[in-house]
Amino acid sequence: MPHPISRFPVPTLEALPDDLRERILAVQEKAGFVPNIFLALAHRPDEFRAFFAYHDALLLRESGLSKGEKEMIIVATSGANRCLYCVVAHGAILRIYEKSPLIADQLATNPMKADITPRQKAMLAFALKVCSDAQNVGESDYAALHAHGFTDEDIWDIGAITALFGLSNRMANLVSLRPNDEFYLLGRVPKAAR
Amino acid sequence: MPHPISRFPVPTLEALPDDLRERILAVQEKAGFVPNIFLALAHRPDEFRAFFAYHDALLLRESGLSKGEKEMIIVATSGANRCLYCVVAHGAILRIYEKSPLIADQLATNPMKADITPRQKAMLAFALKVCSDAQNVGESDYAALHAHGFTDEDIWDIGAITALFGLSNRMANLVSLRPNDEFYLLGRVPKAAR
Amino acid sequence: MPHPISRFPVPTLEALPDDLRERILAVQEKAGFVPNIFLALAHRPDEFRAFFAYHDALLLRESGLSKGEKEMIIVATSGANRCLYCVVAHGAILRIYEKSPLIADQLATNPMKADITPRQKAMLAFALKVCSDAQNVGESDYAALHAHGFTDEDIWDIGAITALFGLSNRMANLVSLRPNDEFYLLGRVPKAAR
Amino acid sequence: MPHPISRFPVPTLEALPDDLRERILAVQEKAGFVPNIFLALAHRPDEFRAFFAYHDALLLRESGLSKGEKEMIIVATSGANRCLYCVVAHGAILRIYEKSPLIADQLATNPMKADITPRQKAMLAFALKVCSDAQNVGESDYAALHAHGFTDEDIWDIGAITALFGLSNRMANLVSLRPNDEFYLLGRVPKAAR
Amino acid sequence: MPHPISRFPVPTLEALPDDLRERILAVQEKAGFVPNIFLALAHRPDEFRAFFAYHDALLLRESGLSKGEKEMIIVATSGANRCLYCVVAHGAILRIYEKSPLIADQLATNPMKADITPRQKAMLAFALKVCSDAQNVGESDYAALHAHGFTDEDIWDIGAITALFGLSNRMANLVSLRPNDEFYLLGRVPKAAR
Amino acid sequence: MPHPISRFPVPTLEALPDDLRERILAVQEKAGFVPNIFLALAHRPDEFRAFFAYHDALLLRESGLSKGEKEMIIVATSGANRCLYCVVAHGAILRIYEKSPLIADQLATNPMKADITPRQKAMLAFALKVCSDAQNVGESDYAALHAHGFTDEDIWDIGAITALFGLSNRMANLVSLRPNDEFYLLGRVPKAAR
């Protein structure tokens, strides 16, 4: 492969602890390839486990946010943080969840111009404030989301997903994590055409 | 069409002055569709003519920059300016010119992580300074480009393309110019597959 | 001349294409001198033609904005962009149009402290948002101008003038365009005193 | 207690899953009180587990950074992120580790004025870049740390601690996490005097 | 003393003009030590006199602001300006005036999370705008303070204290003014315990 | 006069303490008019005295900086702070000291484009860092000025003038201090022509 996927060493599957290898094989089974974040973080198995435990706690959790809305938060804040890996990889997931080939590029570039609802725009405005100016988040920001029907637990979800992917964005930029080529096209064309 | 292409009125082809209609029909002939910028700017024919005259003067001109490099400047600075139309439309053109399905998303998100040469990274660093901090461009910035073999005329091109698309980015955000759906996929898949 | 007017070569009048020379002689006839922007841009005749075509399309156009108000936009946004040429040259034009020796320095330094109407302050607040944060311009910004009686066409004018002079400001900073000494004093003293 | 420790519900110890209660009792045994972060995050047990797993993976790990240096990173970046909880709580830990009553206030306010080594200043400059501008971290930043003897693994530690506490800072500001009163004084006076 | 208190020469008490020495001895008598700002500024006696005359004019003046509130402004804006000396020295004074061991760290780090009244938060929001964005202070900012019962004279006090300590913060950062070790602990523990 | 010179009450000369009235009459004698800063600050006589004592201590002091260079610092930093009064009033003084009708507009708009020496550009780069980012001023900034022959005492002057006019700029923006009309033209035309 001409381009390294990380600035740091990437372990082979054989060299990994069993639990990491099993998780990686499972995702490969499902996606058809191994997303590079799994290989790059596997350089530090304890951090790998903690990151994906956090990830699952937030993304697999029942919530007032749909799975697509959670990905909207990830793509919009990763765009703000200029994180290539998360924009491309979660952009693909978002396109699939929302069955929309356009939405990821819209949200990564300028959420104000995206084909989303006013409720979703309010959600992303909150997420972007947590992303870039968390110190000034206050009751008026909570009230703006309550007005759209979000509960406090939903707001924790919005803030926590933003915070976790703020971590992820910084790690990806730190190690120059490269998105798999496959992600760029996923969800852009009907399955048959691929 | 469910989504308007501009916040302002968009003229029909029939209602346009002959020269505008001819240019639009020519681009439609070549691209297979009419890029929305043509229709949105046609609301003001004199500004349409001036914009495309400027565009042609810079993009069709012989230069030390390749056609692909000129599009790199447009995509990277439009990403910095958060202009959805230019990121998507010129991203498509860039993919085609560079025969690279990945480069546009890389440059729009984070030029430091793109598969380009050090010379091209220097070019984009200069463009991004003209884009966001032109007041502080000085001789040391020129020297950095000279060290990569760029001439003063090349530097004018870099700066002027950045300046023209800074205008374009502002207009597109002002009128909420919508990229044609076709652009999102162009250059991402082999021609046969489309 | 001790100070160059541009970092790039400046053509002699004789060396210019006829249409450029004619335009330059006409402006010299009217102003008494040739504003340096004409000479600096003449280094690239096609770009010269496109720039002045755009300029005329916006500044000579009938509009809900007065000629003085258009210059207010130019001076305030050029101040924000730290463009010496446009602050000084268009400051002179603004003083003459508004018959006010004070207004240009006020607007270039701090529009909030200028002797203008609340309607004009709203116009400039919009222009400055297009200048520095176009990505976040939205319906509430339009509504704020509608409340002062501006039409959508007026708003296009405000945004487009800002965008065009954003281009001009970047070019002027790129080439270190020097204002003619004459501009500094124009409109500051009664005609007889000069 | 007049001031809530979190904007969200805080569970009683009895209501907690066993593993959380045990960890909390252990920290109480050691510190003499329960740091509020444990109670606030216990509102979401899965996120609690993931956060502390990540925390332990980074802070308990053998590293080229001393325990005090890891806390320096936390305090300096939490100061930049304006996170009251982390500045106060980790400031206390830092004072104890470094046996310095002054260092935490110095680092939270202005790392350039702190009583630390040039090597440590370089470490914090890198951390602050990951904190606020990760998108522009590149090889020259790595080289600057290599020059001070940091290895790539040390740099991962610096970046990852910054990223994890960026998450923590955002969560603390999101829920208005209140530092325990005890932290403010810890490490400022000899043990006998308390 | 291992750490210099200023990057510039610091005069001995004997070498000082009488009026400076007398003021310094008086403050030493009261505080038990000589705050380093007195020694550092004594390098320039005329500037010393002017600074403390300004200081006294604002801080000793009868006002709608309490002495504690004036110190709140100093600590919050010095935190924004990242001035170690003023955060530590005036933090001590603030703790003593407000009889609160917590308030200084709260205000220096994030005023939104401090144990203060809504009226005091409005006061600090105004001060922080004068500190960082005075150019945009306008009538709506005055109105927000009037709504909390502040008079125009109170607002002058808020703005002028912010402006004076903006000067002080810049001088302290310029000369690397070191806070006296004593300040760090003042007001944190009951008098008997010290 | 249609435009108030300050948002706050302005005392009559008769109502002033003797020392203030005398200073004001002296400046009126010399300048031919009373600069509005004197009248606006006279609303608070003790602050008036302190401000002008500080002003005189710095501006009348023997220094490695010429009188014109001190005014360059004031004009450039007041431009950065968007302070209309100081840009216009000190711009006039600067034009007179430097016998240059152009220099004030150049420095207030963009010091990089001004007709000044490299040494003066270095001086202003330092002043602008103290103005906008004093927290990061360090030894490398001192070294850059030493390389141009500035002494440490000169650097104190540069920093202190910047700090004092940072105070002045904030007060002027706070009270909407209006420049006297006379200042706008001073130093722009030969004395005979006025």
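All chains are identified by letter, namely A, B, C, D, E and F, in their written order; residue positions are counted from 1 within each chain.
Everything below uses one rule, namely that a residue touches a chain if its C-beta (ideal position, glycine included) is under 8 Å from a C-beta of that chain, and two chains touch if they have at least 3 such contacts.
Values in this document were obtained by computation on a predicted structure and should not be read as measured data.
Q: By how many degrees does subunit B turn when fitted onto subunit F using C-alpha atoms, rounded in steps of 5?
A: When the C-alpha atoms are superposed, subunit B turns by 120 degrees onto subunit F.
Q: Measuring between Cα centroids, what's the chain most distant from subunit D?
A: Looking at centroid distances, C is the chain farthest away.
Q: Using mean C-alpha positions as chain centres, tell me how far subunit C is from subunit F in Å, no decimals.
A: Centre-to-centre distance between subunit C and subunit F: 28 Å.
Q: Measuring from the mean C-alpha position of subunit A to the mean C-alpha position of subunit D, what distance in angstrom results?
A: A distance of 24 Å separates the two centres.
Q: If a residue has to touch 2 or more other chains to count, which residues of subunit A qualify?
A: 82-83, 110, 135, 173 - these are the residues of subunit A that touch more than one other chain.
Q: Using the touch rule from the top of the page, what pairs of chains touch, sorted by label?
A: Touching chain pairs, listed by label, come out as A-B, A-C, A-D, A-E, B-C, B-D, B-F, C-E, C-F, D-E, D-F, E-F.
Q: Flag every residue of subunit F that touches subunit E in the complex, lowest number first.
A: Going through subunit F, the ones touching subunit E are 7-8, 43-44, 46-47, 49-51, 53-54, 56-58, 61, 81-83, 130-131, 134-135, 137, 152, 155-156, 159-160, 162-164, 166-171, 173-175.
Q: Can you list the residues on subunit D that touch subunit F in the complex?
A: Touch list, subunit D to subunit F: 110, 112.
Q: How about subunit C: which of its residues touch subunit F in the complex?
A: It is residues 3, 79, 82-84, 87-88, 101-102, 105-106, 108-110, 113, 115, 173, 176, 178, 181, 184-185, 188-189, 193-194 of subunit C that touch subunit F.
Q: Which of the residues in subunit A end up touching subunit E in this complex?
A: 135-136, 138
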